[in-house]
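What follows is a set of structures for review.
The following pair of complexes shares a single chain, chain A, combined with chain B in the former and chain C in the latter.
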Partner chain A sequence: MVLGGFLAYPIYQLGLISVFHYTQAQVSGGEPTTFEGFGNYSALFSDGQFWEVLLATVVFAAACVVSTLAVGCALAVLLTRVRAVPRLALMLAALGAWATPAITGSTVWLFLFDADFGPVNRVLGLGDHSWTYGRFSAFFLVLLEVVWCSFPFVMVTVYAGIRAVPAEVLEAAALDGASQWRIWRSVLAPMLRPILVVVTIQSVIWDFKVFTQIYVMTGGGGIAGQNLVLNVYAYQKAFASSQYSLGAAIGVVMLLILLAVTLVYLRLLRRQGEEL
Partner chain B sequence: MKLSVRMVAVAAVLATAACAPQTSGNSSSDKDEKTGTLRVWLFQEVNNKPKEEVVDSVLAEFETAHEGTDVTVEYIPVETRAQRIKAAFNDPKSAPDLVEYGNTDTAGYVKDGGLADVTEEFAAWDEAKDTDPTARQSVTVGGKIYGVPYFVGVRALYYRTDVFEELGLDVPKTQAELISTAKEIRAAKPELYGIAVGGAYTYGAMPFIWAHGGELATGTGGSYAAAIDSAAARKGIEAYTSLFGDDNCPAAKCAAMTGNDTITAFAAGKAAMAIGGDFSHAAVEAGKVKGAYAVVPLPGLKPGSIAPAFAGGNNLGVLRSTTHRTLAVDLMKRLASKKAQGELFEAMGFLPTFSDVRQQVAAKEAFVKPFVETLAADTKFVPASPAWAQIDAGQVLPTMFQEVVSGKKDVATASADAAKKMNDAFGSVG
Partner chain C sequence: MSLVSQDAEPRVNLLRRLVRRPGRTAAEVTALLVAAVVAFPLYWMVLSAFKPAGEIESSEPRPWTAAPTLDSFRRVFGQQDFGRYFLNSVVVAVAVVIASAFIAFLAATAVTRFRFRLRTTLLIMFLVAQMVPVEALTIPLFFVMRDLGQLNTLWSLILPHIAFSLPFAIWMLRGFVKGVPEALEEAAYIDGASRARFLWQILFPLVLPGLVATSVFSFISAWNDFLFAKSFIISDISRSTLPMALLVFYKPDDPDWGGVMAVSTVMTIPVLVFFVLVQRRLVSGLGGAVKD
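Up next, the complex of A and B:
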């Protein structure tokens, strides 16, 4: 009941605000609040920029999820194959990345790729190439940071899962002459399915809601807003322009999309005959 | 579980659509305590130390004059001022009593119901009679006064005397000369920007639009219509955006720059010219180029003319929610007094809002001359509409300039899109 209250009340408020005309003047009591019905939603859906940002968010989040899972799983397998000392070193490095606050990580990555002072340009001999100017290179830079700060979760979780797999199974597969990839594909992945489901859903939710990295690294959405994602767009509408009701409507749309993605994903898994 | 949450949420929204979301009880407070802590928010400037010293000396006097009071000052970053001040309006309990705010925000903050009406106190203030009329205008909304002017600001052209001498260049007398001189310098010295410009530097770009006879918006009596897509305004946008490119200020770097960034570049010796305010003087003096630069009014189209400048500046205002109204008003008057403004000018180069004090300092300090000249020529203001806060915060004009300089849209399309966004904003505030 308490849990329900904690979950439902903020969502209820979000939904409520999204059907009113609710800007700064209403919040601070300068003007009365008026009921708008679905006016905010129709304004949102008729805004071309919203669809553009939605598409960019979906593609960007998908790229982040795939990259994070690939890097995390590969390193988890690697962890099981190396000796104690390098394993400890890799673990510590990953935990360091994980523990770094997003805003610090973003600032450091931005500095590494800085046009004038960044070491990356110096090492690669790129002169004063600006990584944040082009749309794709800016997204790519943010993707690197997102993967960097979220792969440790995948790696640690999957590593724990692999350790729980009986050693005999892996030994038998190795004796049968299976390659590393083959072992992953046919033995580990099916056995780790519940863990992989959890980390995938986690990553989808995280990466769809990415905010700090985009906000810090592209200066609030990039040149002429080319690197906006939904969360930053909602922030722009809700706080920078103080159209709270429009921001709330974006929030509700995001919530529905994420719930839909999660439900579809779970349904697909069920249909394949696997119980979670 | 997840499904049920959604159902509950949807059901709840539908069931209770008739009741309104919360609004803050930000009515004017009836309390007027004579002791306790006053909280003040001032802006964090590029080189803030001298400002802090001036403020500290005023506070010391204030705390001596009012026993049992304590003042805490917080310097807030200019970039996030909008969020901070709105948060203060929403939550009167953690709000400051006195804030510094940009004079373009006055109309918006008044509509939000955040600022206290101090018309009576202002009229009773003996120093107020010398406040210059444009500064007084910037605290006035609907005939009532919502604060006191803290300083006025106007921009002019900073240029490097050593670079101009070395290349044998004359100081540009027209806008066309300005553009060609910038490109000449860049060609001769590729390590410098000819003139540092920024895609997010709206107030540096406006003189170009105004010089061509364009306007941001036209209208009177609170209702405005965007004019940024008029033929004259477009010529100005074209002139300004022609400065972005490898032949002056590469778009890859300059598109994202703000006004502060261009001044930082100039102060660090990376630009031969920049459009800077009188308020940038201290930051430039603290940089590498100290002693090797001069300032002239930004040229207009005809030789010898001055491009209309944006009459900026900041005000101080008491929040409606303050529980120390009398004290806060007194502190406001002390911070913006003739004496404190004179000291602030000496520390930061911020121009006083009192005509007589301004004349005194102009006689003492030669560097003020181009700015006072610019103020004496045509100055302009942004639309005095609450929608301006929304247009400004929504980055409408920076987006337009960035779209043009990055080649995403041509001037006609970008300015038409910006005009549409501006009209939406004007429409939404009624």
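Up next, the complex of A and C:
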């Protein structure tokens, strides 16, 4: 019921708002709402900025997903090769990063890379280089923060998965003279495939919807909106410039893109003959 | 003489072991280095919270402080209503965790143990629901809250968070309920247990690790949220939550870094404590969820 009320209804409303002309005047009841059909969408699709933001979102999310998975898997394998003390140290550090709220993580990373008082510029000898000024360096900074706070989920899950693989299998592979990389590629990866699929999909969903980090670290989308991603773009359109229907239309587009990803995912699951 | 050799013996052994297993040593050094890098932002946050103002705003940041002070914390707690914000955050997070754990447990049991029409459709809906960009739904939710007259109340934060944390919680818990053998259920009924008794006294303790793992996620999403708080608590700031308090100190042009770091520390510590408490169950829980 709660699900129905607070998910289905807003999604329905989202679709509804996106086909109406809905701005501040309609919200306060000053003007009647008018039906626009797909007017909002055509306005959106003919807007060059939308396409630019869409491209940036896809590239940024892909970069986040790939880096998070690479770091997470590498560290999970590393965890299985070390003794208790280093393992505990890494585990605790990762849990700390995981536990950090997105908003505090964002401000702390900003402070670390601060042009005037941050230790990073100091160590790298960059003087007062500003990381948030350039488009790519700002995206890179956000990427670092996103990877920092999301690799622990991948690491812990994959580590738990590796632990579930029987030791005999790995020993047999090692005895047959398989190299580390070979063991990972030919033995572990296939056995971990269901887990890897789950963490990949979760990462795609999360990274495609990054909001807080971009909003806080680039001050709501960067200079002249250079660091906007779809999510922040929709929010800015709706709440900053009161174009609720345009914001809603962007939301619908995002939903459709993620739906397409889900369908591919379900297809893959089906092909493996797994039942939901 | 004998003392020296006794002392030297293990050291030689250790050296020999290091040489024999260079791979493991390298791995352990790497692990410690990575741990240090990952923990560094948190260390810097706590450190900066204790630094006096002059040291924070210095162009020569040092990784220690000569004169730790509580000035930043005093400034934060002295801020009007800070205790209230904290309390509001706690109320919202606890309410969301309890409600979503309860509903998710029942729902997960229903979708794994019973075969009914639309079951697969429902499962796919749960997956799809996770895809919905929460930020985009803020717009219609804002109107829903306004129509319900719930703007500026804590309900406007609790209800959406329950709704948004449920799909993931049910999706994850499913694996745990699946892991409990059905023979156990039959045995319980044969022994004369009622359905409710089986549910709460047998199934519930068995899937508790899974519930803990999912609760971590709902706790974090509720505790960290700043979007709903920013959008739905528009005029009554006594209903605000911690992230909003942080933004008071964070002004884009001239941030009060000491204050920001102090609020961040206060905000992060409860989550850290929660994590460390459930750490063991979380790791085993995640393992169980993905094994099926």
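Operating definition for what follows: the second predicted complex is superposed on the first by the 258 of 276 C-alpha atoms of A that agree within 3 Å, B and C clash if a C-alpha of one lies under 4 Å from a C-alpha of the other, contacts with A are read in each partner's own complex, and residues count from 1 in each chain.
Methods note: a residue touches a chain if its C-beta (ideal position, glycine included) is under 8 Å from a C-beta of that chain, and two chains touch if they have at least 3 such contacts.
Bear in mind that the values here come from a model prediction, so they are computed numbers and not experimental data.
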(request) Using the touch definition from the top, say if A:115 reaches chain B (first), chain C (second), both or neither. (result) first
(message) Quick check for you: in the superposed arrangement, does A:219 touch first (chain B), second (chain C), both or neither?
(response) both
(message) Of the two partners chain B and chain C, which one touches more residues belonging to chain A?
(response) C
(request) Check the residue A:241 against both partner chains and state whether it touches chain B (first), chain C (second), both, or neither. (result) first
(request) Scan A:86 for contacts with chain B and chain C and give back first, second, both or neither. (result) second
(message) Per the contact definition in the header, classify A:148: touching chain B only (first), chain C only (second), both, or neither.
(response) second
(request) Applying the touch criterion given at the start, work out whether A:137 contacts chain B, chain C, both or neither, answering first, second, both or neither. (result) neither
(request) Based on the superposed arrangement, let me know which partner A:161 touches: chain B (first), chain C (second), both, or neither? (result) second
(request) Kindly list the residues of chain A that each of chain B and chain C touches, one partner per complex. (result) 7, 11, 13, 16-17, 27, 219, 239, 259, 262
(message) Which residues of chain B touch chain A once you look at their complex with the stated criterion?
(response) 2-3, 5-6, 8-10, 12-13, 16-21, 23-27, 82-83, 86, 89-90, 108, 111-114, 199, 251-253, 255-256, 386, 389-390, 393-395, 399, 402-403, 406, 408, 428
(request) Flag every residue of chain A that touches chain C in the complex, lowest number first. (result) 2-3, 5-7, 9-11, 13-14, 16-17, 27, 75, 78-79, 81-83, 86-87, 89-105, 107-109, 111-112, 114, 116-119, 122, 148, 156-157, 159-161, 163-164, 194-195, 198-199, 205, 209, 211-212, 216, 219, 230-232, 234-235, 238-239, 244, 247-248, 250-252, 254-255, 258-259, 261-262, 265-266, 276
(message) For the complex, give me every residue of chain C touching chain A.
(response) 23-24, 27-28, 30-32, 34-36, 38-42, 44-45, 48, 56-61, 63, 103, 120, 123-124, 127-141, 143-144, 159-160, 162-164, 166-167, 220, 223-224, 226-227, 231, 243, 246, 250, 252, 255, 257, 260-261, 263-264, 267-268, 271-272, 274-276, 279, 282-284, 286-287, 290-291
(message) Under the definition above, what is the set of chain A residues touching chain B in their complex?
(response) 4, 7-8, 11-13, 15-17, 19-20, 22-31, 33, 35, 37, 115, 128-130, 132-133, 219-220, 223-226, 236, 239-243, 256, 259, 262-263
